[in-house]
Amino acid sequence: MIIVMKPGVLPKQIREVMERIKKMKLEPHLLRGTERNVIAVIGDERNLHRQPLEAIPGVENVMAVLKPYKLASREGKKERTVVRAHGLTIGGRALAVIAGPCTVENRTMLRQTARGIKALGAHGLRGGAFKPRSSPYAFQGLKVAGLKLLAEARRESGLPVVTEVVDPRDVPAVSRFADVLQIGTRNMQNYELLKAAGKQKKPVLLKRGLAAGINEFLMSAEYIMAQGNYQVILCERGIRTFNDYARNTLDLTVIPALKELTHLPVLVDPSHGTGKREYVIPMARAAVAAGADGLLVEVHPHPDRAWVDGHQTLSLDEFARLMDEVGKIATAVGRTLN
Amino acid sequence: MIIVMKPGVLPKQIREVMERIKKMKLEPHLLRGTERNVIAVIGDERNLHRQPLEAIPGVENVMAVLKPYKLASREGKKERTVVRAHGLTIGGRALAVIAGPCTVENRTMLRQTARGIKALGAHGLRGGAFKPRSSPYAFQGLKVAGLKLLAEARRESGLPVVTEVVDPRDVPAVSRFADVLQIGTRNMQNYELLKAAGKQKKPVLLKRGLAAGINEFLMSAEYIMAQGNYQVILCERGIRTFNDYARNTLDLTVIPALKELTHLPVLVDPSHGTGKREYVIPMARAAVAAGADGLLVEVHPHPDRAWVDGHQTLSLDEFARLMDEVGKIATAVGRTLN
Amino acid sequence: MIIVMKPGVLPKQIREVMERIKKMKLEPHLLRGTERNVIAVIGDERNLHRQPLEAIPGVENVMAVLKPYKLASREGKKERTVVRAHGLTIGGRALAVIAGPCTVENRTMLRQTARGIKALGAHGLRGGAFKPRSSPYAFQGLKVAGLKLLAEARRESGLPVVTEVVDPRDVPAVSRFADVLQIGTRNMQNYELLKAAGKQKKPVLLKRGLAAGINEFLMSAEYIMAQGNYQVILCERGIRTFNDYARNTLDLTVIPALKELTHLPVLVDPSHGTGKREYVIPMARAAVAAGADGLLVEVHPHPDRAWVDGHQTLSLDEFARLMDEVGKIATAVGRTLN
Amino acid sequence: MIIVMKPGVLPKQIREVMERIKKMKLEPHLLRGTERNVIAVIGDERNLHRQPLEAIPGVENVMAVLKPYKLASREGKKERTVVRAHGLTIGGRALAVIAGPCTVENRTMLRQTARGIKALGAHGLRGGAFKPRSSPYAFQGLKVAGLKLLAEARRESGLPVVTEVVDPRDVPAVSRFADVLQIGTRNMQNYELLKAAGKQKKPVLLKRGLAAGINEFLMSAEYIMAQGNYQVILCERGIRTFNDYARNTLDLTVIPALKELTHLPVLVDPSHGTGKREYVIPMARAAVAAGADGLLVEVHPHPDRAWVDGHQTLSLDEFARLMDEVGKIATAVGRTLN
């Protein structure tokens, strides 16, 4: 940690900072510059997190040198994590494509979707039973009945199921029926939900928050891991910017950035990430070209009749085209999509 | 609702959209323009929320005319809501200033703070017992023990207590001890928590999310109100932008904007909104000048020893200056701070 | 154009708006809804641009139906524009890769770079002679001497030259020496420079501004085209968001969005778009996968001795790897890179 | 400057960095930590600006300790700058209110505006003769004819004139007619224009760019000052964020931040900063409460007939109310508006 003191700082203010650091069993080094004095701290600065150094008179700025996460960090664990769930493998050489409707509507459409995507090569089935909707008057999902339909579709298709959980109280039920628990964008910093997901055994797919910096994203993964569940999958799904031509701004550079910082696998959701059907296939290609370990895609047999998110949902024909085009990109980057 | 059709749209695509609208008991009007055909919908377009009109071939764009919220809207309720809780009044001519530490640390500091701010004219005591921290290794609050200390401080000081709840399972406990339940920034779209808060009787202080548009903010208030609890207080606390000189960007223009759209009272939190002690007092003045109904401010007897957020916390002396300066602004805008 | 009137609007306010529209030779249609009255305008609404309709009492909101640009629009010109300059072709099936140093430093390094990239298959040479630097004390480019070195490098290597112009007064000189004039991010809305570039004959490469919406980007292209120069190349190079792990946020979704709206070719600059050498190759792959017509990349024989932007500049070895990897992606999307 | 080395950095990489620093006549200090090695640099790190330290293998991150600007910095000049121009004083105890139409339309309206605002207590007249418009088809201003009308209005009213310059070639003409040259948002990083403005004698009002960080804003001021013109006025006018309810997000916290960093005076433009007439007066009050040295406000005798920006322009009656309300805030913060 580097502590920059204000110009004109008093000797006793410098001493106060040095004392605090020593009390935490760390080693402060004072560097006297021409315009600023700087105190560099040797040792694990994460021990300083309870010390409000910036609140001490004379301190101008505190700059961290180390990352705030440990379990999620590649420095701690060099080999990449491969998450496995009911035949689904995320993080290896083969890409994982998880597809399905935004929301589970009924048995017929879910079965039709599962069969369709399975035949086209998808590796997992997604579908919402508990839906976080921005309007209290909008359809909130079939809940447990939806979970049961998902379990049924899994039995029939053999596809592992990824579904969202939005309430710590529902974690046991979702964990019983699903193969992977999804934590959505709006809940990325719902720490009680993260803890509950960390306490059960199924892998957790964590979506990046709309305004989450990369450290915050990894700290939310760390929350789950700190409970003992190391099977975490990260998912980029668009951030909020001034952009007006698309619902969100898909931040694909986060893929190489995450690959540098963490050993966890990284998926991309081009459906929510763009919010527009026309952009889904090009951005799916781009995500894989940038190094993503797979995709999460909204597919519905009849997007124009989907209850939710129809404007960003692919039909089965379009999904077939996605698989074809993404398959070529996979080959080009030395990966497979079989 | 205005539906803009693509150039070259087919007659049957236009018919399809018109049919859908009629099925929802709404009235479509087709306007043939030189470059675009447009369908205007007469009637309550909110009934269309389950219709994925944008997914229908031939549709270029759908523009809403009405606001998506009703209970929170000023169109439904002209007179301004005044929230009352244990002597605290928010939304009337008098401003409400709620102060206290970021987190409840122990009895002594809480008592000292409560006495101090009470003597300086504060109207409520804030303090966290359940803390949503971005690191799983950071102090997470004293929990129920913290709630008990808050209740004790209330008895002694007479100040009503505002405290955060982060888990639907904790709502009953927090509701028993607190006078106002706070829902924090990271949980603004934690809909299960909003519903739980809407089902109990105490007023709810809802903080704006870091990336929340004004409609989303009001829709989250609508979630609480849709459960029957109309005592909602909105709180601006800074949004996330590219700005690097402060932790967040305090968006004060949202105050007149909210006053136009909703009857709910609006507070401002200049501590989180700026993240830096030096900016708190000027922005507290600005918030009141812009029309805020009050302030939420972090105060600690010894900010440089605060466990959390010391860099943005005022000392009691600084809080005295805030009250003095804000009092003058209150007078200048025809309000009181007594 | 759709004009939404406020609730409680007066009949004479509606009449006032209708009159204004008729005066502009357009046809207003009044639609009386249950909660709002709406006036739809038939005809070319771009004629209304001098009418401050939103300033008329009773008007709540004005929503445009048509795009504000014409020459840049795909509605006006269906076939895609292919820009040609001294053997360089941008916008056809073959991709265009333009590489070179951020700034022209001297004859030796420029010659070395030009030879190096030419041998690796680059199609154009970039290099700054006039540099827009954020510090007045930083090196501002070799200016005309730099242009001459670029012209020399072109003669020797056969590579067409792309170089930035920052002042309308320099347009004739840059136009004489360069094959393509670049207008940089900070000057995207420097309208006098756009006009000057539109008045000369060489193609113009227009970089997107850090905070430019897609309409603004296209309107800046329209500025150039309105002067008679239709040879405009668009270039995405990262936008400014809250992201902290990279200098900018490369917005690749803008590629399919632009392809839908305009006939102009689209390049991507992954060097500025990420600001970090490690991210350049993955994002170059992603850009081509998303449909870009080519790349603009910073290359220097010795990035760690580059005067400017060394942290985001590739060495020739790294550029060789980029060409190899991008070539495979090109094949996967049905394009060529030879 | 603090240089953080990567984990696993080689001794020769550390030596390379140390050598580079010594060559620049600065003093490197190597601090060996448990997880990272850090090199702290003593001396004026601004000398390192041509050294691409981040491009050296083994370097993870470079953190600046000093600010990049000098002339604009409060560290160099403690006393606040007061700008004076033809009777206008900006930066003293008295606030400066500069009002007028977005664009000069004709003699009658300009004269009417100048008289009106003068009678209501304005201190300066603003009005555009050269207009940077986002559409090439929109009215671009009366140019020199507009300058002459402004000069005439100044003679008649006695009000000093502030007007925008958009092209370095126009600087002499604008400098002859105007009392203060305005450089607009879109040109904040048009460095050739900044240099030209820095070479003439009249004060320069510099508006913050839509996506400008505080350092970039001050570096643009530094550009002007580096040419010898120290009479620079900064103006906050809204930044671009995800906000949808207003055209821009007025960032008032930048006022106390700028007051800490620079001695230059700071104005606020609540007209562009909000883009909506209803928000102008509350945000004008808030700006002054936050510590602004004055306001730049759009006023027109008939906003609903204004050629440009009518939706954000005040009528003279509204401007009278602004002056009344801002006057009370001025008193509350110990300033005057006479």
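All chains are identified by letter, namely A, B, C and D, in their written order; residue positions are counted from 1 within each chain.
Just so we're on the same page, a residue touches a chain if its C-beta (ideal position, glycine included) is under 8 Å from a C-beta of that chain, and two chains touch if they have at least 3 such contacts.
From a predicted model like this one, the values you see are computed outputs, not experimental measurements.
Student: So, comparing C-alpha centroids, which chain is the farthest one from subunit D?
Tutor: Following the centroid criterion, the farthest chain would be A.
Student: Determine which of the two chain pairs, A-B or A-D, is joined by the larger number of C-beta pairs in contact.
Tutor: Between A-B and A-D, the larger count of C-beta pairs in contact belongs to A-B.
Student: When the centre of a chain is set as the mean of its C-alpha atoms, what distance in Å lies between subunit A and subunit B?
Tutor: Inter-chain centre distance comes to 26 Å.
Student: When the centre of a chain is set as the mean of its C-alpha atoms, what distance in Å lies between subunit B and subunit D?
Tutor: Comparing mean C-alpha positions, subunit D is 31 Å from subunit B.
Student: Counting in whole Å, what is the centre-to-centre distance of subunit A and subunit D, each centre being its mean C-alpha position?
Tutor: Between these chains, centre-to-centre, one finds 39 Å.
Student: Which subunit A residues sit where two or more other chains touch them?
Tutor: Residues 211, 240-242 of subunit A each touch two or more of the other chains.
Student: Can you check the complex and tell me which residues of subunit D touch subunit C?
Tutor: 46, 49-50, 52, 54-57, 68, 132-139, 166-169, 186-187, 189-193, 195, 209-211, 216, 219, 222-223, 226, 240, 277, 303-311, 313
Student: Where on subunit D does subunit A make contact in their complex?
Tutor: 2, 4, 7, 29, 31-36, 38, 40, 42-44, 63, 65-66, 75, 240-242
Student: Sort out for me which residues of subunit D touch subunit B in the complex.
Tutor: Contact set of subunit D toward subunit B: 211, 213-215, 239, 241-246, 249-257, 260, 273-274, 278-279, 282-283, 285-291, 325, 328-329, 331-333.
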